[in-house]
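Before any comments, here is the structure.
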Amino acid sequence: MQRIGVFVCHCGSNIAATVDVSKVVEMAHMEPGVVHAEDYQYMCSEAGQAKIAAAIQEKKLTGMVVCSCSPRMHEATFRKAAERAGLNPYMVEIANIREHCSWIHKDMEEATKKAVILMRAAIAKVNLNAPLQPGESRVTKRALVIGGGIAGIQTAIDIADAGYEVDIVEKTPSIGGRMSQLDKTFPTLDCSACILTPKMVEASAHEKINIYTYSEVEKVSGFVGDFTVDIRKKARSVDMDKCTGCGVCQEKCPSKKAPSEFNRGLNTRSAIYTPFAQAIPNVPVIDREACIKFKTGKCGVCSKVCQAGAIDYEQKDEIVTEKYGAIVVATGFDTINLEKYDEYAYSQSKDVITSLELERVMNAAGPTHGHLERLSDGKAPKEIVFIQCVGSRCSDDRGKPYCSKICCMYTAKHAMLIRDKYPDVNVTVFYIDVRTPGKNFDEFYRRAVEQYGVNYIKGQVGKVIPQPDGKLLVQGSDLLDNKQILKEADMVVLATAIEPNPDVRRIATMLTASIDTNNFLTEAHAKLRPVESPTAGIFLSGVCQGPKDIPETVAQAGAAAVKAIGLLAKDKLLTNPCTAQSDILLCNGCSTCENVCPYGAITYEDKEVNDHGIRETRRIAVVNSALCQGCGACTVACPSGAMDLQGFSNRQIIAEVDAICR
Amino acid sequence: MKYSYYPGCTLRTKAKDLDVYARASAVALGIELEEITDWQCCGGVYPLGTDEIATKLSCVRALNEAKEKGQELVTMCSACHHVMKRVNDDMKNVEDIRTRANNYMELDEPYAGETEVLHFLEVLRDKIGFDELKKKVTNPLTGKKIGAYYGCLLLRPSKLLAFDDPENPKIIEDFIRAIGAEPVIYPYRNECCGGYISLKEKELSKSMCEKIMESAEGFGAEMLTTACPLCLYNLNKSTGAKLPVVYFTELLAEALGVRGEYQGKSAGAFGKEEMEKEVQVS
Amino acid sequence: MSLENKEFKPKIVAFCCNWCSYAGADLAGSSRLTYPADVKIIRVPCSCRVNPMFILRAFEKGADGVIMCGCHPGDCHYSTGNFYARRRMTLLFSMLDYIGVENGRTRVEWVSAAEGVKFSETMNSFVEKIYSLGENVRLGDLRCKN
Amino acid sequence: MQELVNRAKELLADGTVARVLGWKAGDLPYNPEPAYFEKAEELVDFVYNGFCGANLSKYMIEASKLEGKTMVCLKPCDTYSFNQLIKEHRVDRDKAYIVGVGCKGKLDIEKIRKQGIKGIELIQGAELTDEADTLKIQTIYGDKTCAYADAMLERCHVCKGKEHMVYDELIGDSNETKDADRFDEVAKLETMSPEEKFAFFQKELSKCIRCNACRNVCPACSCRKCVFDSTKFDSSQKANVDSFEEKMFHIIRAFHVAGRCTDCGECSRVCPQGIPLHLFNRKFIKDIDELYGEYQAGADITSKAPLTNYTFEDAEPSIVGKRG
Amino acid sequence: MSSEKKQAELIKEISGVNPLKCMKCGKCSASCPSYNEMDIKPHQFVSYVINEDIESLVNSKSLWKCLSCFACVERCPRDVKPGKLIDAARQIVVRQKGQNYLLADEIPELLDPELPQQLLVSAFRRYRR
């Protein structure tokens, strides 16, 4: 029989206001095996933990139940406390009487009853707990960063500076990401390239950083500390070692009709191309879809003009397999498709553009060489209307329910830059709310209004109406004036909602990292573990976790790096001892469990058994506890019940069921 | 291809053209439109109130008849199409309405939205295909610049009607291309003409129609085409027929070369046999 | 009369996977989204840990409804656990339906860690369903009832 | 039958096999039982007739542990079970010399009795070689006849076919006996109201005496120790005191063999209470076929079993309430 | 429950709309073709229902200026659909006896020979009990 202690936490008033904690303590005494029960204000506090330690030692406890907040919150805390007092940490069970009880119920009697039942279930379970010892696994001292935008670059540099090897895998031909497409950055109006390019150079020159561009993660296996990753290096058709980056091939390439990804399709590029002048590596790729040589077999101009002989039409995709201890996801974002928002006439007029397209228009390396002009006729606009929240804050199925966070600030930036450079252009912004939390942000927005005379109108736009003369009639609300206004404009700029890069779903599935309904990666804790995924060894950097501006992204990238470094600094990791075990006397050796194990942790061995006097050799399932992650799929697949999961055994769960239904 | 056909009240009276030319074209296209027996008017406007049942029953009756015949239900009129589709959606997805309506109806087997409702334009696009239609055109309307006027009922609410992009539709434009003419795209083609209020708020609806006409004209349209009797009436009435407005079925019949023979005929002339006879002759 | 007056308080067992649904339940809690206290949650590592024996055991001991929640298909922390669970539960529920146990007493719902609202809505609707079905008399072990 | 005996003698004589697994006559004309024969002279007791319904594949689990090969007689339907056991590493293919025996449908003594034929002394026409389609039955009340088809086991009316899935040699021909669809009964039950279904199963299952005959005969129920006998689930050795116990036992038993059950029908054949236990297994088979694609356990030894397989698009459990 | 509250609840029930979802962006008013004719603007309908001032709503001429064109319904980013609220208010009026907006006597003068049936039928459904 166990000697169980029950510790009921008030959590200030979080629990005690709705649950009669003294009643719970009283009821605890009536449960089998309970030799000690007490309540305290904050069990997780130092004083609370001291009480636990004292009880363990004085009452010689062999198991304990803490009735408190979610085990996802403080199970680790209480396990450590128990261990310090000499109790095996796996003899601790948590009854979640806060998130699952006091916070959701109003009636004290009802909540108290439920808390008692939850406590009973935990006691019933702990009665069947057995001490467990974690195993050890090694840590590969190398990190993988998926995505080479500012988030990935910053994370890689920080990890590399701490002395660990880092690989960056970037899908496109160059690192740089979205930030490389921006013209200026708020709130200081620095030139984006001027602050990004040095970071790109630093990453590429760093002896600890290895960059795979034009590459994708193909397969991930393993677990924290010991991931194995296949990386597909897509055929560049250019030998990276030979190419000098002279650019002649791009100049001479006769196929120049492919839409430029970098310029958001506003102009075209050659079939052999580097996305932009400052690309790293400065080695072009051949877009085989656009290349005449690949389409027809004739041409070969690039090969002829290449002095270095770097063009290789025969190059094939290559799979590189690497081991990593930690993986950082930094896959970034894209703007949403505006197909469902055609009331803004995006598909009907060239002069309705997204803000990201405006960045390219404003940029000296962009399609208009930095001149502000209408894309339809090249004329200089006199009236520009900005529309905020296009696709953001939409609870219907057209857009995104969240605020994209960056639009208010970049729209103020655009408005300000236009008014600064072209004082004769009128700028109107239709907004729902202007959201500017951040250092010097509201001041920035107010400057747009007060110094630059940008006309902010509170109200959404209902329809953009292209006119026969090429002008755009913007029909919107002015809610403060209670008017519907019709405004003639030469250009309309849509602050389009951002969404996680569409690849993230595939990557999350490979990493078994969870993802929310909007395809943002979920953090382990919204407040306390914002840069870790709930999946151990996976860290989150940048917009893949939620909308962010550049300073926030860089801050989070650094934080993700620190978390990864903390992991890589360890030589060994303790493994979860809640793994499956096969009972050799019950195992049929039928291989059913092996077929459902996602980790290949189950193998079969011929073992000599002594089954109540019968000695024979049997085919028996053996679990490799270093590989087993403790999901339990095998335990249900096993018809004989030979396979059981430590910490969540059949009898333990049944004891909980019984206690709840009692 | 055989469909249950729901003409609706207006097609029997003021909008005969919409009906007659549709039937003529159907024959030419090898489609059989079997008129629903004893159909009753859909009411012309979808009752938005979630507690309205009685006003939906005439639609349920027609839908159920099509279900029993195992046919899809086709309408020509935008309003009928709108009301039918939405009532059908209620019967399919709103348990309360389905139960109550079925209680009234006393059918052998309860109706639960099984019938598919199609606008004739959808039949042209999805069942026949505009490419196929193009092949059957004998008298292409080459050179005609035609503006499509959608109005509201065909497109909205887009989730329920699932007809076309509500802000940038293209079904009528594709239709116009198929019959050999040139579509004129203008921004007000999905803006309301104020049809429903044209009885009592004549000034208001007039200003709306003028806006639409001006826009279409500005973009070079020589005529407008619509699927809605109310829009046709209102646009003609309120703007003094600045640009001619015709039903899409009339254009279709003309392109298929069957317009002349049917001009001025009533729907009665379209018994199955007569139709076959007439088409063979032509 | 006395039977009718006796207020029916159902016993409802919810199996929640540790990574998504249990976290979703925590989020429902921290967002103060209420659902009836009749629901008691049992934490399992993954929905694939839920043995049909557990569900039958719950009914045997007097549960009126059993619901299992896991990560959305494709999002399982262990990659494939919920796929197996989905087949197992589909077959089990079909069998229970086949022997005449009201189908509404069992349910599977996929709830992610971010779906506190869905968790609470799911529990509310499930409890409502169980109230409408009333006490479970078809599967219970009569010895467990008074 | 004589051909079988002769072949068995040859195989024993040339040392190919160490023993023969077949049937020997019982104390009544209709109850032959599985038996091992290790010497040629023992084979005088060997029988193979219409009452040899027993599926011998399960015996091969133990026979696989013995020295030398065992000649085993398997009917077409038995070979599915044998294959399934190979797949689960429970039998050793190399330890078996499989003689695929012909089958013209197996007989059910209960069906004969139900026709009012009692006091049976002798039955003619049950031999494989008999061409007659009626049984001549000598009883203490005089001679009776019974159509062969009317005396067949339910499972033979829905026979999976004459083909042996695995064998070393074939002896004897088989008849086509299928004249019904195996899912008809299940489909009929599915259309009943919950009350009717419950009443039906309540009535059938309340007959169960937990004798474990179904479990003992089932080739898929081959666990070394059944969960209902182990301490792993707190479910062991409980007295059968309430209606739930049988349901739990039979549902779990069916669930444990789901995707592995070859529908050999032995459970129903051996049930002393006449409970149509195959209705549980067939329900799972029908669901699997409908939801995950047709699957016949034991048809091969490589395919993935339905419950250890999945697709992303699998039906949700809520489909249960939505179907028919 | 006060009668104001009852009326507000009735509107919510008939329309199936939860006005609290509104984020006051004004897209409905920006889309409305009848905006200038309305005394209570589409986006304001939501506040009137929240504030339980149904009296003002049912007396508003906006009820009769609404075209039921669903532009606001289509474009509302929050699934509030002011058009449905307006229709519900109109229902409340026409369900009260003697509140018919269209009187039988005035029909003849409104008619013209070209007028399609549909217009009359729909007018009856929109304006009369």
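The letters A, B, C, D and E name the chains in turn, as written, and every chain counts its residues from 1.
One rule holds in what follows: a residue touches a chain if its C-beta (ideal position, glycine included) is under 8 Å from a C-beta of that chain, and two chains touch if they have at least 3 such contacts.
Source: prediction; values computed, not measured.
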Joint neighbours of subunit B and subunit A, given as chain labels: E
Partner chains that subunit B and subunit E have in common: A
Chain whose average C-alpha position is farthest from subunit B's own: D
Remotest chain, subunit E as reference, centres from CA atoms: D
A-E against A-C, pair bridged by the larger set of C-beta contacts: A-C
Separation of mean Cα positions, subunit E and subunit D [Å, integer]: 71
Where subunit B and subunit C are represented by their mean Cα positions, the distance between them in whole Å: 49
Cα-centroid distance, subunit A relative to subunit D, in whole angstrom: 54
Centroid distance [mean C-alpha coordinates] between subunit D and subunit B, Å: 63
Per-residue overlap in subunit A, given as positions that touch at least 2 other chains: 343, 463, 596, 637, 650, 654
Multi-partner residues of subunit C (each touching 2 or more other chains): 51-53, 57, 74, 80, 84, 88
Multi-chain contact sites of subunit D, meaning residues that touch two or more partners: 227, 233, 307-308
Chain pairs that touch, as defined at the top of this document: A-B, A-C, A-D, A-E, B-E, C-D
Residue ranges of subunit A touching subunit D (in the complex, touch as defined): 583, 585-592, 595-596, 604, 611, 616, 619, 637, 639-642, 644, 650-651, 654-655
Residues of subunit B defined as touching subunit A within the complex: 159, 165, 167-168, 185-188, 191, 215, 218-220
Subunit A-facing residues of subunit C, complex: 11, 13, 18-20, 22-23, 25-26, 28-30, 32-35, 37, 40-46, 48-54, 57-58, 61-63, 71, 74-81, 84-85, 88, 112-115, 120, 144
Footprint of subunit D on subunit C - complex, ascending: 51-53, 56-57, 59-60, 73-74, 80, 83-84, 86-104, 106-108, 138-143
Subunit D residues within the subunit A interface of the complex: 65, 87-90, 222-227, 230-234, 256-257, 304-305, 307-308
